[in-house]
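Take a look at this one; I'll ask things after.
When the chains are written out, they are named A, B and C in that same order, and each has its own residue count from 1.
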């Protein structure tokens, strides 16, 4: 009888998985997130290699081949697989090169907004009440303006260009980081490990960057992923309104703006750049959702 | 036929590191008017087994049982709809945290009338009258005003009384109280326990009291079932258990009671309940057991006979007393 | 509750001051001299220039200028448009009903579809409906709405010819704008077909503007529902043997609505940002299009005034949402 039972109660001795492995486990479980991750990887590769893999120069005009439809439609031409735009430029080459701009915008905006926002947020969380209130009211003021409107006005002040659009978008997105960082810093400050670090004599800088900041990173990482996609969308919107990258830059939003008048005549010049934006943004958001689920212990399965 | 009969109940949770068995082959019986205490440390699976009985576990949990019979119905074989007719009416439960167990958005009156209207089909007026009656029964002063209050406007003790009133509203045959006093002040604890025992005496319902407090057990229970790491390790009526515990874990729990301390220092049980990743191969208590030998560490023990309190132990204690009697 | 209201107002005031400061600073940090910009291509004489500097008060200390600006703003004086020579205040409120009408329709669209979608997804967590609804919501959330608008125009206006491409109503119809809301005015006018025409003009802009709020509301409702469904009081409700419809629809939804209403309120800012794109594409004569046009025309008083009015509007809505939050959250209400 003992023997029979011992089989039933067989116990497995398992190792507790490491942090990165645990993260990957949760991330991998979300198939959409993994899918988004691979699309994002492809997007990065395209952005890095666009000048070499594109069949043509993105600004070269083949005047005799204007508005050629994609190959699978009647009148298509294999030298322009996705057709040409009204000026006879190759759509495929322009789309591939457009990935560079979007990627660049995303990276720059996230780095600028996140580093500024995290610094201000940490400062607000640690500083005396008056400075905290000052910083937070300042952020409230920025947040009172609809983001796209503020970005538009900033670009109007600075002059329309992709660089200025990036600066404007970074300024507009930065308060979110400040709020997020401050909220999690304040949440962490009350915890025992911070007190013990204080008691152990950790200095203010050490407390800020070594003790507290790493424990606040999870929501910030998620926010970074989400603002990467917001940055791409906003830059494209500014480009579409003529306030971002200027023609003939093959930026996706700018391409859409140029194509608007051909909307009913040549579907591909309108559909394809937008599709590129949608797929990129969707992939990043899928990834961001996966990150959030993997990093947020609240939503973990028990 | 007993009111509640559980045979070979197991509950497993799906987690990152694989399956975790929170409840492991538990048998339990409760009769009408019986007061059974389930005792154990946190993580011993005592609440989970009762939540499984109520059907309240999240979807990650897998419940298996040979028998899960309540009042003649096998709950494990019933449809969810049929089960809801029993749960909340004949089978009720109250929880550890009275503050968070009541919906913050509704008045307590709404929450108590709701059960009455659904299970007993009472109209508004009848439900209101019954709610007043219940509040008086559980000793809530000024019941008419209190019915209009929101949970956060009342103290923890009052909220637990509301929870009890709600649980007994449909005159259940069995009430499960999951650490009903843990979150409350000491003075309130005794009042709530007295209330539960009084209600049992008045209505003849069965009472299952989940607790980790041996003092509570001694005062209220008739029978005690001791749980450790998901398993039932011993079950005895309350007096024999306190006099002659058979499982070393029970013995250690009793020794840790301040009232029983003979030494200057209070004895403790070294170590913690094994979790998912450090489950021992043999007897689950062996890493913390002062009597364990290699046999204990390799071979899991099976429950002994009723004369030894069904103790899951290779070397039960106090066997001589049995011989003497 | 009173303390809560006061504390909300205490943060409102400094933010309002800050917003006026920003819009005041706007015209002064512009590249180039605003007076020369105002003169446009024609240029102006030195005497006229000096006259204008004094008229606009640019010769006085900045603090005095700000004070005059602020008192002007509080009396509804936001300057005059360079282009139309009409007061900015009047222009804003002439165009505002168009934006409001569109925004309300978009919000109704978003809430009417988003709330049920979120609840259904949460109730079917991990199953087919959840996945289908949430994938759709994520696509909506990722949508570049200016492209989405073009796509809808291609399909519904181009291929199917069901909806008009731009404007608020067919040129055939003319009636006075009593309320400024085309739906109401067209009904009041009694002209047959006017109302249908107004509705048909509204459909595409509503969908376009409502898409992102719809996705946000659906996602937020789902996650709020899931969070609430893990609470102790839901376990109590289940322990009472309540049917799932009652648990989800009453006990859970009532609590989940608290964060969702906040999100709905906060998406007013998003809505106005979206209105900029939507109105530009559909030539919808509202404040979004007005702002974009003014930026291009370098009509700076309009940009300045519009910026301030829009920001104040967003702030007022956020304040209202905060107060409403206090009202629906009994923990705050009864304090």
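Keep this in mind: a residue touches a chain if its C-beta (ideal position, glycine included) is under 8 Å from a C-beta of that chain, and two chains touch if they have at least 3 such contacts.
Bear in mind the structure is a predicted one, so any value in this text is a computation, not a measurement.
More inter-chain C-beta contacts link the pair A-C than the other of A-C and B-C.
Central chain (C-alpha centroid nearest the global protein C-alpha centroid): A. Taking the mean Cα position of each chain as its centre, B sits at the greatest distance from subunit A.
Subunit A and subunit B have Cα centroids lying 50 Å from one another. Note on chain placement: the centre of subunit A and the centre of subunit C lie 24 Å apart, centres being C-alpha means.
Centroids built from CA atoms put subunit C at 54 Å from subunit B.
In subunit B, the residues that reach two or more other chains under the touch definition are 58. Residues of subunit C touching subunit A in their complex: 11, 14-15, 18-19, 22, 26, 29-31, 135, 138-139, 141-144, 146-148, 150-151, 153-154, 158, 223, 226-227, 269-270, 272-274, 276-277, 280, 291-292, 295-296, 303, 307, 310-312, 314-315, 318.
Interface of subunit B with subunit C (complex): residues 54-56, 58-59, 81, 83-89, 92-93, 95, 97, 100-106, 114-115, 118-119, 150, 152-153, 163, 166-167.
Considering their complex, residues 125, 230-233, 235-243, 246, 251, 254-255, 330-331, 334 of subunit C touch subunit B. By the touch criterion given at the top, residues 32, 137-138, 140-141, 143-150, 152-153, 156-157, 159, 229, 233, 236-237, 240-243, 253, 256, 260, 263-264, 267, 270-271, 273-274, 277-278, 281-282, 285-286, 289, 298-299 of subunit A touch subunit C in their complex.
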